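Listed next: structures, encoded as structure tokens.
Same chain, two partners: chain A is paired with chain B first, then with chain C.
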Partner chain A sequence: MIVAEKKPVEEIIEFIKEDKKILILGCNECVTVCEAGGKKEVGILASTLRMYFLNQGKEVKIDEITLERQCDHEYLEEIRDVADTYDAIVSLACGVGVQFMAEKYHSVPIYPGVNTCFLGATEERGLWTERCQACGNCMLGITGGICPVSRCAKRLLNGPCGGSSKGKCEISKDIDCAWQLIIDRLKALGRLEDYEKVCSIKDWSTDRAGGPRKVVREDVQI
Partner chain B sequence: MRLSYPTSIKIIRVPCTGKVDIIHILRAFEKGADGVCVIGCMEGECHYKSGNFRARKHVEQAQKILDTIGIGGGRAQMYNLSAADGPLFAEHAQDIYDKIMALGPNPIKLKKHKAA
Partner chain C sequence: MDLKRQLEAKEFAILAEIEPPKGTDITAMVNNAAKVKEEVTAFVVPEMSNAVMRMSALGAAMVLEANRMETVMQINCRDRNRIALQADLLAAAACGIKNVMAVTGEDPSFGDHHQAASVYDITIDQLLQTIQGLKNGKDMAGIELAGSPDFTAGSMVNSGLKGVELDREMDAMKQKIDSGVRFFITPPLFDVSVIEPFMSKINTSDDIHIIPTVVLLKSLGMARYMSRNMKHVHISDDLIKQIQKAPDKVRECIRIAKNTVSEIKKNGFSGAMISTIGWEDRLYDIIHGI
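Our next item is the complex of A and B:
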């Protein structure tokens, strides 16, 4: 899922301090799971802003809506009738949701309420770690299900490097060496001979370096 | 025991303090409460294992928010006591009452009254 973090309230206040009618728009998907932009966080932010403006002596109307998703036309259409009535919308969705909102509703400014961080997994409540960089050319099949692109600091395809020490990466004692994990995993699978194979140069044209990407699936298009 | 504690304190019963979320604390202030005091079981004695620890985190987060927006984080407090300890409850109730009295009324309540 996409992992995001709440933006500081002060930053959000700076965006909307002159507005009189504001919508806080949550998203029921990834940002709900990582507790950054779901219905609960929408309620907390709305309540915080209401109190802030009241304390400033300003009369500001703040509404709360949480959509199923903000990265799909059909769900964004649900606010079609009300979106234009606001002076500003603070979207607690990931960067995708904020942009899709802005593309769809031109007359109202859309502000981000979270910082979108990475594609990751919930290791435990309150701990999310990166697992994928969406390079567009998955090599997990040959690395024992551990991604060297997202989990190796150097993105090495034939590792480990000299910075690997006691299974940890040289950049931090808290970060596992991805290649140590790959070797351990291949050993456990009885596929250590795969480690001996030299990985050829990866086609990075499918990565972000090749510019903004798109996936076209004519088989599912109507 | 017939212990007394300040009459302005309104008790809201919850199954476990772990149920008290940040939004509940914030809503109380939004509606004009001068202070919120969460009183949970002794640390390590939660029937649900970690409810009171969770509550403490929620109170701390609410305090941060209240400080940021100028209401004052000191208005939200967390205490731990045994359910059988009536005298300590009365003591904590008096303590939060004194703290809130020192801080004065919730500024939002005053602004709301002015606006009305």
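Our next item is the complex of A and C:
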């Protein structure tokens, strides 16, 4: 899932401090799971902003809506009738949702309420860690299901650097050395011969080297 | 040859673009430059323009400097992060390179290494501010340098824009001036009158120098292609007809380039930057006698 974290409220206030009618728009997908932009966080942010404006002696109407998704035309249409009635919309979706909103609703400014961080997993409640950089050319099949692109600080593709120590990355003792994990996993699978396979220089054109990417599937297009 | 002094003294400066070789053989590059070194103020060394891998601008500029030819080293944002950019700027200064020109750098998809990852850690404006910072004795982390460079910094400006776009370009230009840019190179110019709207917007109190590019057209086809496809470059139908009618088209193109440089000089510009796009051996024919 896409992992995000809440923006500092001061930053959000800076966007909307002159507005009179504001919509806080949550998303029921990834940002709900990582507790950054779901219905609960919409309520918390809305209350915080109401208190801020009250303290400022300003009368500001703040509404709350949480959509099923903000990266889908169908769900964004649900606010078609009300979107233009607001002075500003604070979207708590990931960067995709914020942009999709901005592309759809031209006359109202859309501000981000979260910082989109990475593609990751919930390790435990309150701990999300990165697992994927969406490089567009998955090599997990030969690395025992552990990604060196997202989990090795140097994105090394052919074994560890000389800096790892006791299975930890040189940049922090709190980070596992991805290549230690890969070797351990391949050993457990009885597939250490995969470690001997030399990975050729990576084609980064499927990453960001070729500019913004798109996936076209003519077989599913209507 | 000293670009900084020549610009300050308001003497017409001739810059010539010299592409570094794709390989280690520097013979052609050095020979072509040496042929015109007396006429050229400084050689502009592009850094892998169009994302085509070549010898680095730093390396090629060092070779030319070692042969007593002044250079303007281009440095792009595409290939290095802020650490490497600063490191190469310090190396350039220590190796005698006095002029640098910041460029953004084209995306790798334009060049010959499509699979390469681009960097773009900092923008061109930030790179210019970094150059200014290094000149003031501090790196981007605010740490004091043991010796600082004294670069004359340059950049590109799109003088071919019109209306609101031109106004925006003038704002961007002002920012670059504030970041210490002293000379600006324009897109190719074939008719001096075309640049007048841009020149009229320049604040005369700014201590800057405008250096139009003069491109050597190589053929009638190239002239037509540029005319049709380069939005901000104006090539008149008369010029195209002139090349069309000429019995020796290459000679005519050289004559056109020479005349354009002369016109630029007559109109009081600080200099001209001659780009032959691989025909550096024709530089002498263009420059000699101007």
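Operating definition for what follows: the second predicted complex is superposed on the first by the 222 of 222 C-alpha atoms of A that agree within 3 Å, B and C clash if a C-alpha of one lies under 4 Å from a C-alpha of the other, contacts with A are read in each partner's own complex, and residues count from 1 in each chain.
Methods note: contacts are C-beta pairs under 8 Å (C-beta built on N, C-alpha and C of every residue); 3 or more make two chains touch, one makes a residue touch a chain.
The model shown is predicted, which means the values in this text are computed figures rather than measured ones.
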First (chain B), second (chain C), both or neither touched by A:G211: second
Touching partner for A:Y105 - first (chain B), second (chain C), both, neither: neither
Touched partner set for A:T48, first chain B, second chain C, both or neither: first
Touched partner set for A:I201, first chain B, second chain C, both or neither: second
Chain B versus chain C as contact partner of A:G57, first or second or both or neither: first
Which partner, chain B or chain C, touches more chain A residues: B
Partner chain(s) touched by A:K40 [first = chain B, second = chain C, both, neither]: first
Which superposed partner A:V9 touches (first chain B, second chain C, both, neither): first
Common ground on chain A, meaning residues reached by chain C in one complex and by chain B in the other: none
Touching residues on chain C, where the partner in the complex is chain A: 107-109, 114-118
Chain B-facing residues of chain A, complex: 9-10, 40, 43-44, 47-48, 50-52, 54-55, 57, 59
For the chain A and chain C complex, residues of the former touching the latter: 201-205, 207-211
Residue ranges of chain B touching chain A (in the complex, touch as defined): 21-23, 26-27, 29-30, 65, 68-71, 107-108, 111-112, 114-115
